[in-house]
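Here the chain labels run A, B, C, D and E in written order, and each chain numbers its own residues starting at 1.
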């Protein structure tokens, strides 16, 4: 028989005024296994704790029940006290006789009776408690950053600066992401490439950073501190170790009509290409969909001109497997499809463009060399209309239900830059609201209006009609004037909604990280843990978590890096010992538990069992990784055979409580 | 609190409270110029419960029910259905038929299709 | 192929050609239009109000007849198409409507939206196929620049009608190409012609027709085609600019050599 | 203590509360001194999804007159998805108990957040009232045993 | 049909595709047919039966059989195939060790019904159109199928095999569910008091023989909770009469979302308790609340109890449905 000690706290008068604490201690003291039962004014005080510690030692207690305030308040205090007296901290149970008894009842007899019952339930439970030891697991001191945009770059640089190796996996042939495509950045109007490309170079030169460009995540297994990731290195048909990035092949390639994705298809590139001049790594890649040699074996020109013999038409996808302690998702965003809003005629006219296309049209390295020209006829546009909120703030059937957050500011930027460079151009912006919270942001858009004379019209555009003379008839509303107006525009710019990368969902599945209905990664807590996924060891950087601009992205990226560094600095991770465990003798191998586990903590393997008749039998059984399990218990109920149980809240413990309370 | 508003909302099935006041309905409306109250104002006034103003306005007879606003509204508010509900409340009142069968001969010519008469009666009379 | 056919009132008087050529061209393509017996006028307009039940019963009866005649109803007139399709849709999304209608219908067999409604144009596109149409053309309309006019009734509400992309439709353009002519793309093709407002406020209606016809003319159309008698009226009677407007079935009959004194 | 005034019946009520929301909600109603009947006894579980339907049956078996399960609001689960499973399991269990003719009001599921102290107290008050009005739990008793027992009530299993 | 199956089985044994065959073997009486494993052509010729009494579901036996060496040929009626597939979904059967042959089923006879019709001493059965022809010790008797078919066959859910390697006979189709839920529907429409009386009457007959559990192809746990002293449920001797009913509730809950409604539980119950009405209630609720779901439909589907939708109904729906 176990020896249990009971300690009833008065909490000054908080408990003692409504509960007859002496009676409680006395009654519980008569319970069969209770060898000591005491009451004390403040059990959490040092002397109260000493009373507990002394009793544990003096009576050789196997478990203790504290009748006091909520376990959410002092469970840890009493566990520590128990531990210091040599009792396993998980042999402590709390009966909550303050919040759930003395504070809510007035009748002393009633409250006392209830307190006794709660105490009995706690005794019933503690009799079935088992000593638990929090498991420890090691930490692989290497981080993986998925996505090489500004978010991924910043996170990687910060982690590398702290001295930890970090790998960047980027699906494009170069890092840089969307920011590399931008012309200027708000609210300072500094050149995007000028501030980004040095960081890209830093990445390439930092010896702690390894860049896997033109690569994708193939699979992820493991758990916090110890992930194993398989990376697919797509064949680029150019030997990375040999290519010097001289660009000769890209000049000689005879296939000239490949839509240039870096310029959003506004001009063409060759079948062998380097995305842009400052690409990192600056290594060519061959586009297998267009290359004549790869398609029908005829050509081979690039191979002939390459002086270092880097071209390799036989290259195949290869795989790298690496272990990481932490993984950062930095998968960024895409521009949502605006062609579904046919009234804006995006598909009908080349002169209706998205804002990102406009960035390229204004960029000195873009298809027009930085001179703003209409895509249809290459002429200067004189009247430009901007349409805000295209696809944002819609009901879910009509588009994105969220505000894309960056459009108000970049539109003000575009309008301002255009008016500055081409003062003869009239610029109109149709807006629903102008949303500019942020340092120097509101001042920025006011400048667009006040100093640069941009016409802001509160209203919407209903229809854009291409006319035979090449102009666009923009029919809109001006809600303040209460009129419908027509503007004959040369160029229309749509502030398209942004959406998470299409690759994010499959990645989230691999990471067992949760996502919201819009495919943004969910944070562990929206306010207090904004850069972590609820899945331990997975961190979030940049727009993959929600729309944000560059300053915010960089801030979050660094915050994310701090969290990663915090994790990688630890040698051992201590787990919560109240985790699920599966009795493999009873496990059916049905996978129900794995199906409900939100953390991917459960894996299966075939295991041999010796049968009573000395034969062996192979069965598929579940195993819970205690380092990953968070102890919710969903699996215990999903398990049909009862093989799965939860330490600290086992079936028998809970049923003992039920029995005690229903008696 | 407001019977008329409730009726309009019930008849139209429109979720006026979803409106974010972007004005796209009014940007799209072909009858805009001929209206005193425009589609977005219909939605707003109904949401505010000011249906009487709309009932008294000629605007209710100007909507073509072309459904462009319904199609393009980013919030699924369906302004044309709001206009239609207000108009029906107006014409259903005793003696408030906008168009009477007796008016028709004067408005008709030899080419006018029967469809126009049927539609107009359905829209303007009870 | 046999299919239940709902002609509608206008096709029985003002727009007889629309009706006649529809039947004849369909027949030439191996499709018999079988007229629904004892049909009544659809009402010309679908009233969106939820409490309007009685005004939709004629459409419901036509739909029920269509269900019993093979499951589908084909229409040629845009308005009839719009009313029948919207009515049918309501059965599928609004159980309350189903319940009330069937209360009215007591005596008649119940109807729950089992039929489907197709327009002759989508029948040509989806089932007969424009290739078959093209193959049947004996008198191609070479060199003709034709502006397809959709108006509103064929396209909106797109969710209920599921006819074509409401902002950038293509079925009539493909139709025109099948006949050997060249479609004219102009932005007003899906905007309203003024509709029934012509009775109430002809001046307002005129503005609409003018905008449509001007847009077609600007883009170099020789003539326009439509599926709607009311559009036909407004575009020809109300617009200041004069471009010939013809029914699409009329043009189809011409290309098939079914019209006397074919081709100009 | 909730008592049925007419019959003097004092119901036994078990409340399963998830540690992160509802148990914290119960604590909050205590902190705010919001009263609810002393018949309600709380069992703490990490998540509502830890509650096996058999715990509820066990409670009924051992003499509970009402069982209530409280968890985080769907979408707010500390473990992201636990209460979605709870919702399905409990819906089916409630439906089954109802199908067996056990008064459906004896089992209840409520979502109570850590901030909803007032809701917790109110919910417990109304549940206790309902159970008091329903009277002692009728069980699916065995006719074979019933012969030797006094009318109506089966002895508690101890 | 029986001969066709035997021929095919012999071929597959002969060419080495399989080493064993699972089918049905006659017991002491002609209607007392049980699943059996055959290893040779001779055994097959001698003992293999396939007739209107072969209601037993063989899929559960495959858990044990597929763990052995060598491939086994399994003849699966549509019902068996659904159970088989569900067991595959739960990784209980080694698929590579089973050669599944789908066989047609025109419904199985209920010996109880035949006896109640006054036909005794049955020695054989065969089908003739809409009738069963029974040879008895006293001569031949005929009975309309509708009067002799087992309840589960009268409301047959499907004549289709969701999984097979080979099919003998024509593939059938899913059948409409309307009739299947009539009895559940009827119970739902009763008052709570009537339902209570009904179930108390039914479940009080239970003698805890565990036959329902032992036959159930979903009840395949390595170690059943009712046999496990640590589960808190092992009621070797029920402490309380309530637990008798609880046994059936827990059992139904354990198989919820996994039960293929094969009806074996009711077939084997010596007290004729309509246990399938508990399982069917769950199936009906799942269909109505979470979308039509058929356990065993395919091996990839997720049991509705281990999946969810954010917009799922609240448990209070039970109360609301009650009011309607």
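The working rule: a residue touches a chain if its C-beta (ideal position, glycine included) is under 8 Å from a C-beta of that chain, and two chains touch if they have at least 3 such contacts.
These figures come from a predicted structure and were not determined experimentally.
**Student:** Moving step by step between touching chains, how few steps can get you from chain B to chain E?
**Tutor:** Step count on the best path from chain B to chain E: 2.
**Student:** Which neighbours do chain A and chain D have in common?
**Tutor:** E
**Student:** Which chain has its C-alpha centre closest to the mean of all protein C-alpha atoms shown?
**Tutor:** Chain nearest the centroid of all protein C-alpha atoms: A.
**Student:** Of the chain pairs A-B and B-C, which one is connected by the greater count of C-beta contacts?
**Tutor:** Answer by contact count: B-C.
**Student:** What whole-Å value do you get for the distance between chain A and chain C if each is reduced to the mean of its CA atoms?
**Tutor:** Centre separation, chain A to chain C: 51 Å.
**Student:** So, what's the distance in Å between the C-alpha centres of chain E and chain A?
**Tutor:** Roughly 46 Å, centre to centre.
**Student:** Report the inter-chain centroid distance for chain C and chain D in whole angstrom, where each centroid is the mean of the CA atoms.
**Tutor:** 62
**Student:** Quick check: how many Å separate the C-alpha centres of chain D and chain E?
**Tutor:** So the centre of chain D lies 35 Å away from the centre of chain E.
**Student:** Which chain B residues sit where two or more other chains touch them?
**Tutor:** Chain B, residues with two or more chain partners: 33, 68.
**Student:** Counting only residues that touch at least 2 other chains, which ones in chain C make the list?
**Tutor:** Chain C, residues with two or more chain partners: 166-167, 191.
**Student:** Where does chain E touch two or more other chains at once, residue-wise?
**Tutor:** Within chain E, residues 232-233, 305-306, 310 contact more than one other chain.
**Student:** Taking all chains into account, which pairs touch?
**Tutor:** A-B, A-C, A-D, A-E, B-C, D-E
**Student:** Given the complex with chain E, which residues does chain A contribute to the contact?
**Tutor:** Touch residues, chain A against chain E: 517, 585-592, 595-596, 604, 617-620, 638, 640-643, 651-652, 655.
**Student:** Flag every residue of chain D that touches chain A in the complex, lowest number first.
**Tutor:** Those residues of chain D that touch chain A are 1, 12, 14, 19, 23-24, 26-27, 29-31, 33-36, 38, 41-47, 49-53, 55, 58-59, 62-64, 78-82, 85, 89, 121, 156, 158.
**Student:** Can you check the complex and tell me which residues of chain A touch chain D?
**Tutor:** Within the complex, chain A touches chain D at residues 70-72, 96, 98-101, 103-107, 110-111, 113-114, 117-118, 121, 514, 522, 534, 578, 596, 598, 630-634, 636-638, 646, 649, 651, 654-655, 657-659, 661-663.
**Student:** In the complex, go through chain E and note every residue touching chain A.
**Tutor:** So the residues of chain E in touch with chain A come to 67, 90-92, 220-225, 228, 230-233, 254-255, 258, 302-303, 305-307, 310.
**Student:** Report the residues of chain C in contact with chain A in the complex, numbered from low to high.
**Tutor:** Answer in residue numbers: 165-168, 185, 187-188, 191, 215, 218-220.
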